[in-house]
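In the two complexes that follow, chain A is the common piece, with chain B as its partner first and chain C second.
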Partner chain A sequence: MRIDTLWGRRALLAAGAIALLCVPLLHLSDYTMRIATMTCVYVVAAAGWTLIGGYANQITLGQATMFGIGAYVSTMLFVHFHLSPWIGGPLGAIAAALAAAAIGFLVFRLWGAYFALVTLALAEMVRILVEYAQPITGGPQGISVPFVRNSVWLLQFPEAKDYYEIAALLVILALALARGVQFSPLGYRLRAIRDDEVAAKLAGIDVFRTKMIAFMLGAVLSALAGTLYAQITGFVDPDSVLSITLSVQLALYAIIGGAQVWWGPLAGAALLVPLGQAMTGSGSAAGAGLAKIVYGLLLVAIVVIQPLGIAGFVKDIRFRRRKPAAPSQAVTP
Partner chain B sequence: MAVLQALVNGTLVGGVYALITVGLTLIFGVLEIVNFAQGEFLMVGMYVAYFSYVALHLDPMLSAVLAFGVLFGIGAVLERWLVRRVLHGPEISQIFLTVGISIALQNAALAFFGSDFHSVHVPYQTASLSLGPIPISVPYLLAFAWGAAINLLLYVFLVRTDFGRAMRAVAVNAVAATLSGINVSRVRMIAFAIGAGLAGLAGAVILPYAYVYPTIGLQYVVIMFTIAVLGGLGNVNGAVIGSLIVGITQALSALFLPSALQNLVVFALFVAVLMIKPSGLLGRSHAH
Partner chain C sequence: MIAVDKIAKRFGGLAVLGDVSFSVAAGEIVGLIGPNGAGKSTLFNILCGIIRADGGEITFEGRRIERLQPHRICRLGLTKTSQIVRVFAGMSVLENALVGALLHARTVSQARSEGRAALQRVGLAGSEELLASDLALVDRMRLELARALCTRPRLLLIDELMAGLNGPEVSTMLDLLRALRDEGITLIVIEHNMGALMRLCDRVLALDAGSIVAEGTPEAVSRDPRVVESYLGEKFARALNS
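Moving on to the complex of A and B:
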């Protein structure tokens, strides 16, 4: 059967989704499964960045805010009101979407570097406020998710690997959404804005509304990832969920994988998260430093050589294969 | 009295901010690139001064010149081999190239120097002069003096020298500059190198009252962007005014707000200014 047909592609995607869910059948080590679970979390969070940063080229450097809102809202509701993360997570997602609406309202008029800088400043403001509201949020020291019992209803399990199926399901949902958007009228409108905002506006696209929908959808994805992160690690602090470093990291996964396609965050995070975890595994500052040096250098190399990321390389290869012996019709000047 | 003290402190801090930010502004003005690695250039400058102090007992006020030289070299190399390649590339490359450089530098410092905080001990560290009833910290005053001197020098360089004029010409219109016989690539390389060098110099100058550690750049970077944007990205004189506004705002807000919230006021000011005037307080309006 040819893969390059509508049904062939659908079958391939379904097979991929099933394979992702079946990973635990391989009986990998706990350590490997932990890495796989964390990779899933970051795939979902980076997919949130892709919707606005990649599809619409609205380069936000504040996506950690959405991740952090998801992590903090569910955790605080659990700690203060004993509310299950199954309710707290969606509430966190709603809160993140509302925050995105407020931020979008402020920043969508700005372009390019100004947009990036203001999203960065707003993210720092959120971080400062969370650090200041110590009685509720735990302040700079962070807040623990108390372990009550092994329970699906409380979304609490003893080991990180026990979260894998839920994380994998969330990945499938997130990527299905990202793919759906990419090939929907919304996706085409976002692409038009990415290519030329003025032309998009002249073509009758409601630029503000289109950006807003993508930004809010992305916020929901990153927030859900944040809730799951809080449950897995059992601890939330501003440094790990609200920092500039995390914002940059989410964008980095998406860009290295390919910011303009739905599977970019999957490719980027699947490559970089295990790499980072393996190199930090030694526990030394030097190991952590070395892993991030590789991140930085890869980012530099990608944006200089192929700004479309891994997806760009794949596109080149497929294009070449499809037209193997295209007669060179280059017009000689 | 408290207000007067705050004004004096704010002005001093503002002068230091002007020194830290002027390089960022110069780079944006000439290359139209926001250098997200500027905070890490500052960090490297601090380490240069720290190690000169440890190895040679050199005072940071003197090793500032060395830090300028080292960062000038790093800046020139980075421009020649990397930045130049994305100047006409997509926006995502322009932003994330320097982000990538900053990640690499930050973590190289972490891998090689460790995450410990370091500082230097100089005789004037805790000294203060008194201006009437108001005490003035000597390390801040020295840093302020460097800031004033550098901004004056840069002004003279940009206005009085041929190379400075060429730089301003490139900033205004690179095509026209090329047609007038200016070597635009060379001007851009030197501008980036000077911008990086100034960040290194600033790092050395603040070392007597600051700790150096691998992520110190993150502490300064958002403040730097705030100042640069307030003054209008690319506007060197604007950066000085932006610095004073931010320094004084911080000092005054410390009077009635907990210190944890100091930067909140600054960032709110930043966002508010951009809402009213999307090209910055003193920015030229860009033809979008």
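Moving on to the complex of A and C:
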């Protein structure tokens, strides 16, 4: 079934958003709700990756930097200055956007190629810096978010599942932004850059500026996810929020879900986060190892079978339907 | 419209263009001919900012543009179609045109309708929803022309648009290019189809080994001994002028 009218599509999206918010009504187990909440966090973080890595195919392997900045800035402001994450989170997002601007300037303007490698290297630099800045960041041991009280203002609740509604709202916000971008002039420009940068320039697109905007917007999303992660887990350390593993995971969620569509991060994270949790949650090291192997196999399968990810199956169908070609016609001056 | 003064370009030790100077008046259709490797496409790339010249000045409508980025130059009203056809392969035909129209359109829907109109003009009406990569080469060239038109150029550089077109298609393409000129778009055209060029152009520049070796009406240039020797060949020139 295809829903083609504008209102039909809007109704469908609204229904999806409401369904997402109503998940707690299903009275799932605490464990399941915890996974659902964490999935939401990663959907938002991966949506940040999609804006630049997916839409414009500027594969960054340093998106954890943005996630980590969001987590650390809000947590440090909370620990040192008792500032609510509702303020610390947006400040973290601004910090991440500034970091993205600096990295983007270096990579998009000066060094051109090797975006993936440079973002990877810079992300490692940030991780090492944070480890050395022990007095304020807690160094390699990390930093705890002290539990003050059950409070919406402090964004603190006893259980991970209590964060679900806020996480789901953030997902709706992030995907609305990703969708808005996809069908906006910015989205078309990013896709043009993805396909052919020189042709994009010849069509009047400011390639540098367009990439910068997408990279900075994506940084904001990933940073907000980072803040929420810190509040939920109550603890941040370089390994959990600034690692290469996390960067690769975020890219994988988006790629496997479908890097060119706004709902790709949702599809990818909804499939992979529970999968990973289930395997690592079994408690054995073998489970954790197995999760990585499964990720790897899935990635290989996606690259070989459907480079566009889960979304590719849908997109393929769409274009196959359209294909009956009209013969080219004579030029009419 | 445009004045090119002593443009030079070297790729490593190879001098591709040496002090090329010419100017084109508004409303002209100027042909650019020359053997392979003469520097025609390099000259186009320099004019629209894809490649930076080593020296020289380019003045477009009173403004110096030799140091501007391609998108700035495009915004001023100068763009080109490429010899190696460059469409956005992963986008639909309409989206390709739409991207060009976004340069001036305020909204996506306005850009979409401008794109539709441009596709109609180049003969791609009915193919809007196809994936650009599914088009035949000839149609991809048309699509590139449509996208360029959507940026509302005042000077359009066209790099080999006739290749692969049959006789009647060449004629309709020539009609389209003349119609564009009548609407106020100045054209510089690289073309190996000499017959088409002679019918289309007011003036022809002949480039050989990075220098302009002849300039004048199509007839005069095709008789020029240096052009005959370097490019056309004795036999072809005689056939052309008989």
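The criterion applied here is as follows: the second predicted complex is superposed on the first by the 309 of 333 C-alpha atoms of A that agree within 3 Å, B and C clash if a C-alpha of one lies under 4 Å from a C-alpha of the other, contacts with A are read in each partner's own complex, and residues count from 1 in each chain.
We take it that a contact is a pair of C-beta atoms (placed from the backbone, for glycine too) under 8 Å apart; a residue touches a chain by one contact, two chains touch by 3 or more.
Note that the coordinates shown come from a computational prediction; the quantities given were computed from them, not determined experimentally.
Participant: Does the superposition put A:P185 against chain B (first), chain C (second), both, or neither?
Facilitator: In the superposed model, A:P185 contacts chain C only, not chain B.
Participant: On the A-aligned overlay, A:Y132 touches which partner chain: chain B = first, chain C = second, or both, or neither?
Facilitator: A:Y132: touches chain B, not chain C.
Participant: Per the contact definition in the header, classify A:A17: touching chain B only (first), chain C only (second), both, or neither.
Facilitator: In the superposed model, A:A17 contacts neither chain B nor chain C.
Participant: Looking at the overlay, does A:L91 come into contact with chain B only (first), chain C only (second), both, or neither?
Facilitator: Neither chain B nor chain C is touched by A:L91.
Participant: Applying the document's definition of touch, where does A:L122 land relative to chain B and chain C: first, second, both, or neither?
Facilitator: It touches chain B, and chain C stays clear.
Participant: Applying the document's definition of touch, where does A:G289 land relative to chain B and chain C: first, second, both, or neither?
Facilitator: It touches chain B, and chain C stays clear.
Participant: Between chain C and chain B, which one touches more residues of chain A when both complexes sit on the common chain A?
Facilitator: The partner making contact with more of chain A's residues is B.
Participant: A:Y114 contacts which: chain B (first), chain C (second), both, neither?
Facilitator: The answer is first: A:Y114 touches chain B but not chain C.
Participant: Let me test your reading of the model: by the given contact rule, A:V198 touches which partner, first (chain B), second (chain C), both or neither?
Facilitator: Both: A:V198 reaches chain B and chain C.
Participant: Overlap the chain B and chain C contact sets on chain A and report the shared residues.
Facilitator: Touching chain B and chain C on chain A: residues 198.
Participant: For a test of understanding, state which residues of chain C touch chain A in their complex under the given definition.
Facilitator: So the residues of chain C touching chain A come out as 48-50, 69-71, 74-75, 79-80, 82, 86-91, 95, 98-100, 102-103, 108, 111, 120-127, 129-131, 134-136, 138-139, 142, 144, 147-148, 150-151, 168-169, 172-173, 175-176, 178-179.
Participant: Quick check: in the complex, which residue numbers of chain B touch chain A?
Facilitator: Residues in contact with chain A: 28, 34, 82, 85-86, 89-97, 99-112, 114-115, 214, 218, 221-222, 225-226, 229, 233, 258, 260-261, 263-264, 267-268, 270-271, 274-275, 278-279, 288.
Participant: Provide the residue numbers of chain A that touch chain B in the complex, in ascending order.
Facilitator: 53, 57, 59, 106, 109-114, 116-118, 120-122, 124-125, 128-129, 131-132, 198, 244-245, 248, 251-252, 255, 259, 285-286, 288-293, 295-300, 303-304, 307
Participant: Considering only the defined contacts, which chain A positions touch chain C in the complex?
Facilitator: Of all residues in chain A, those touching chain C are 183-185, 188-189, 191-192, 194-196, 198-207, 260, 319, 322-323, 325-333.
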